[in-house]
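As written, the chain order gives the labels A, B, C, D, E and F, with residue 1 at the start of each chain.
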């Protein structure tokens, strides 16, 4: 099967890393295509960034439909554009926060999210509520690292995040850690070793979840909210988004 | 004070109607500016439409900041882009679903929302939850009218919506009705007369709420989530959205 | 329009202060009448005091109906008698806790309440739940000041409350502060300046909310719970409360 | 032990009936004193009636403290003044809605409340929430009988309520029935026989609950909200309520 | 009446203590039979232990039905097998966590549970949710004592638990304490004296609750979930559990 | 990898069917071992049956640990013994209700469960709450078929369940169907074809979920509730369950 992993920001080094981690867990016959959108923000650290990442994500999904993609992963912990993407994709679409939180709830009674900037914590709480995972989420903790610091060679990110995970496990008395940014995907095994606790990376979880749904021939129900959008006029900069 | 009412779709007749209704309830010294964005969908009837209306809304807010706007109203019942707009506006930003639901909760123990297409009902439920208004919301009912049918001269919309409100009051045993689309703003008084129940229009409520907050010198807290977004690169079609 | 602000306790200095703050934010053509009831407790600091403030509040509402009052504000943070008052008033009735919490939820993702004695914190939590505002309320904090200490010239109340607000913002990581007593209404601007955070006073919010609802011709729905009470015999001390 | 059963309305025939039912289930050495207050409404069918029944209830509790009462039951399904009464009583105070709902939750997975007028249904829902019993409450159903119709010789109340219970069991698929008015206390056994389902009367449940707590030497905690009210001035009609 | 108190573990000294405490609060004409099951774990400190205590509990209930038992108490704070027992018993079945939490909610606005090992805290939280008591439960605190340490002559358990209760009252600002293990039943009065707060023991509460329900002729509804199980084949070690 | 699918009842024909469906969706290198326990009920249709199925399940997990099993599926829609099994298994353990509900929440905004007897509906609701899936679950509907009717050659089960699914989709307006019994696993594709809606079978979902977790090297956290049980004495019929 063919899975498209959309990193909603335009930072190619992060996209490459995400693609690599996705391939590492995919089944042998799964083809992973990892992309950044053709437009949008270099990183997502606000509602503003998140909202403006969505046109680029939808552009990639519309392209993906022509490329015979079987399933999609949206690889940003805010799961931007998830519902809109489901409306236009034939196959399943999974968000990495969604996949990570669901997985966490099956291996522990509680989890803590460790994310980047404090201002994004509420977004994670909102998703936990939307997915029904609030009862498992003991805390969402910021490491105060900007997203792109994770990409800077020589940064201290690895140490800071590991330490934030340690504190989370001790203070929140959580059973496991959910990494709250796609850019942390490569730290998963290392932090698990360092802390002795299960550490959950949304990118790899979402790949397995998408594979599972595609294998089971389960895709977005088109009976309700997520039916294909009605055709209508789109104007200005976004005229290209009009659906036939 | 100067309030900007942003109709997130590009249908000018609806924008005109919204502006008119806003002016009818505004204080004498309030200047109402009602606009449609320079880009985006002709109507909003899906998550896809909603997501793609946001760049146009944010464009109008960024313009508004240069135009010395004191407060904003987002005049679509899905309250698209509300949080992103709050991050970039100095003054308060109010969504019409938000304003209508809050007002309803102060004059009744319960309300029913009467909206357009069934596929948008979940969006209203989601907002009711987000605003804490789920406990007051007895039902969200679709009239099965597309948004633009409300703009078509000679359409049967008026009768159909009035009837849907009647049924809602009888079957849901709700205390009042919340109209679930900005395009219904002009029907408010009429349906209230026809049903004998309070009927709440989000556009006029949001205007009064925005006036109230501006009068009280209360605006979006910049201490947390809704602080101004960090400056960063934006590329492609959306390059113009990079903040200084 | 004519708004009656009922301070449910019998302390006239507090009533005067409340009236003054209400007038400062009212529209030019709004007439503010601020009163204390003809009976009841000097301050409200328990369920007992609260319950026994209600006959005096209802007395003022019944009088108000003869005085052609357009809307009412109940100016005690426990919102005593709110639903009973709605049953007998023609116009809208707003509680100050209700108004403050709703306003807070439109300008921040979270608020902390700073109130007087610890024993009243649960009342505030109960109201937050009733109004759907629990999801925004991070904490209710007592300053351990009795209500009337706010009225005592030379008291240290101003400093103590400002400090409690500072601590709330730091420890609760809330976006804004809700002042939890009508007697703090005059401290609002000062504490906002001192802390740099939005500080919300229920008295002024409730005045604007009542003005908004009266302007919109929205009043308590009489379809359900809050219909006018049935006529019946009342005996003893309370015989005067029998409705015609 | 000595239990005081306070029927918050002034209708003596109902008080007599309540006293009789209380005595029928009390332990041999329990002394039941059933009273109506010296002031207040003839029946309680609104928030207004309920609020104005509280001074009479508190008067009886203050008297009861001098009469060496060990525990109290508030015998109106709205549990009026429950928290205020707890503040001034040494022994436990139990509401009949509270007792009935708790008992129901221990013998079934769900219950339906059958009450009098539709306008009081919300009060029952509110109590269900307050006591944590909302998850067990499938429905609150009005029989559309005014409270005093239950006292009128020759009324059809018995038949109407039995029928409402039958419908509740069938339509709500509830495990048991909670009778939603103290005036129904004498119908409990009969309706249980007629429907074959457990039917729960709050008066008798509250008597047993009060007996249990007194036997266990458990009474209202005075550590928090329900500590004795602070002494303060009371004026006007209610001057007598000032506590020493 | 005849009540059977089932201590789900096989430790006879605990069963004896439980029986003694039950007898101390029972009505004069209540016969208390306290038993340990004929099979199962010596103490219950995990989901595994809890699950494997249930066959022994059900065995005792099936025996009890032949012994003309009128009501049952399951005397382990996890309330194991409560619903299964209700299916096969004619009379009411009460769990000690259930009884204690309900009682606590009638004498305080909040409680803290003090239990044995940290790994059982989640079980208590889960029960608090199931019974609707989560809103009253401020905290569940472990004393880190294994269950059987409570039975060891010369152990320091008494002091450690009293201290844990003190800390709970101070830090959680709870109104009262719920003892989270049947083995603590004899400490109730002493800790109440030491802390000055109401301390609630589930064993004695459950006895009074069972007495109350039996007196009121209220028993498990057989209309729904808790109807008698259908007859069917049981094989292997558990063949004896097949119902006729 | 080696997955053990435990059908908690002792009906071999159902176990065979479950094994077949599991193998049909498993990855080529996954070895599926499907078993019935050595003891317990022929079908699970009550809390009593469910509780008594758990010793048999745990027996199979303890055996599985010696058989080098990598992950487990508990194939009964009540997910009996799930938490106890997690305490004693090294690899992940997944319940079929858990897996089906999680999958449903990723492909639709709502689902209806169609199950066997009405008396088990509450069990499904309870699981939906436990897993955080209540917000997605619109209804749990009984088909009124006993479990073993699904195994009877010539039964009308297939038609009855398909019809119940049709009704669920129409009346609940759900996006998809969750089959509420492991014995329905073979009907999944057929009902999906007949109704045109996604139909979700827990057995196949749980297999894919277990495969995913094993692939990701994620297993039950041993930091909290689900740590290995402490060693202790077990007596009587269950003496064999004592852990070393």
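The criterion applied here is as follows: a residue touches a chain if its C-beta (ideal position, glycine included) is under 8 Å from a C-beta of that chain, and two chains touch if they have at least 3 such contacts.
Chain identities (UniProt): A, B, C, D, E, F = Aspartate/glutamate racemase family protein.
Keep in mind that what you see is a predicted model, and the values were worked out from it rather than measured.
Undergrad: Farthest from chain C by Cα centre, which chain is it? Let me know.
TA: F
Undergrad: Looking only at residue numbers at the chain A/chain B interface, is the share used by both copies over half or under half? Answer same or different.
TA: Homomeric contact, same residues on both sides for the most part.
Undergrad: Would you mind pulling out the distance in Å between where the CA atoms of chain D average out and where those of chain E do?
TA: About 28 Å, centre to centre.
Undergrad: If you average the Cα atoms of chain A and of chain E to get two centres, how far apart are those centres in Å?
TA: 44
Undergrad: Would you pick out the residues of chain C that each touch at least 2 other chains?
TA: 109, 118, 122, 173, 224-226
Undergrad: Residue numbers of chain D touching chain C in their complex, please.
TA: Listed in rising order, the residues are 10, 37-43, 45-52, 54-56, 58, 81, 83-84, 86-88, 118-123, 126, 129-130, 146, 224-227, 229-230, 232-239, 241, 243.
Undergrad: Tell me, which parts of chain D touch chain E in their complex?
TA: The touching residues are 25, 27, 92, 94, 98, 102-103, 105-110, 131-136, 169, 173-176, 196-198, 200, 204-205, 208-209, 211-213, 215-216, 218-221, 223-226.
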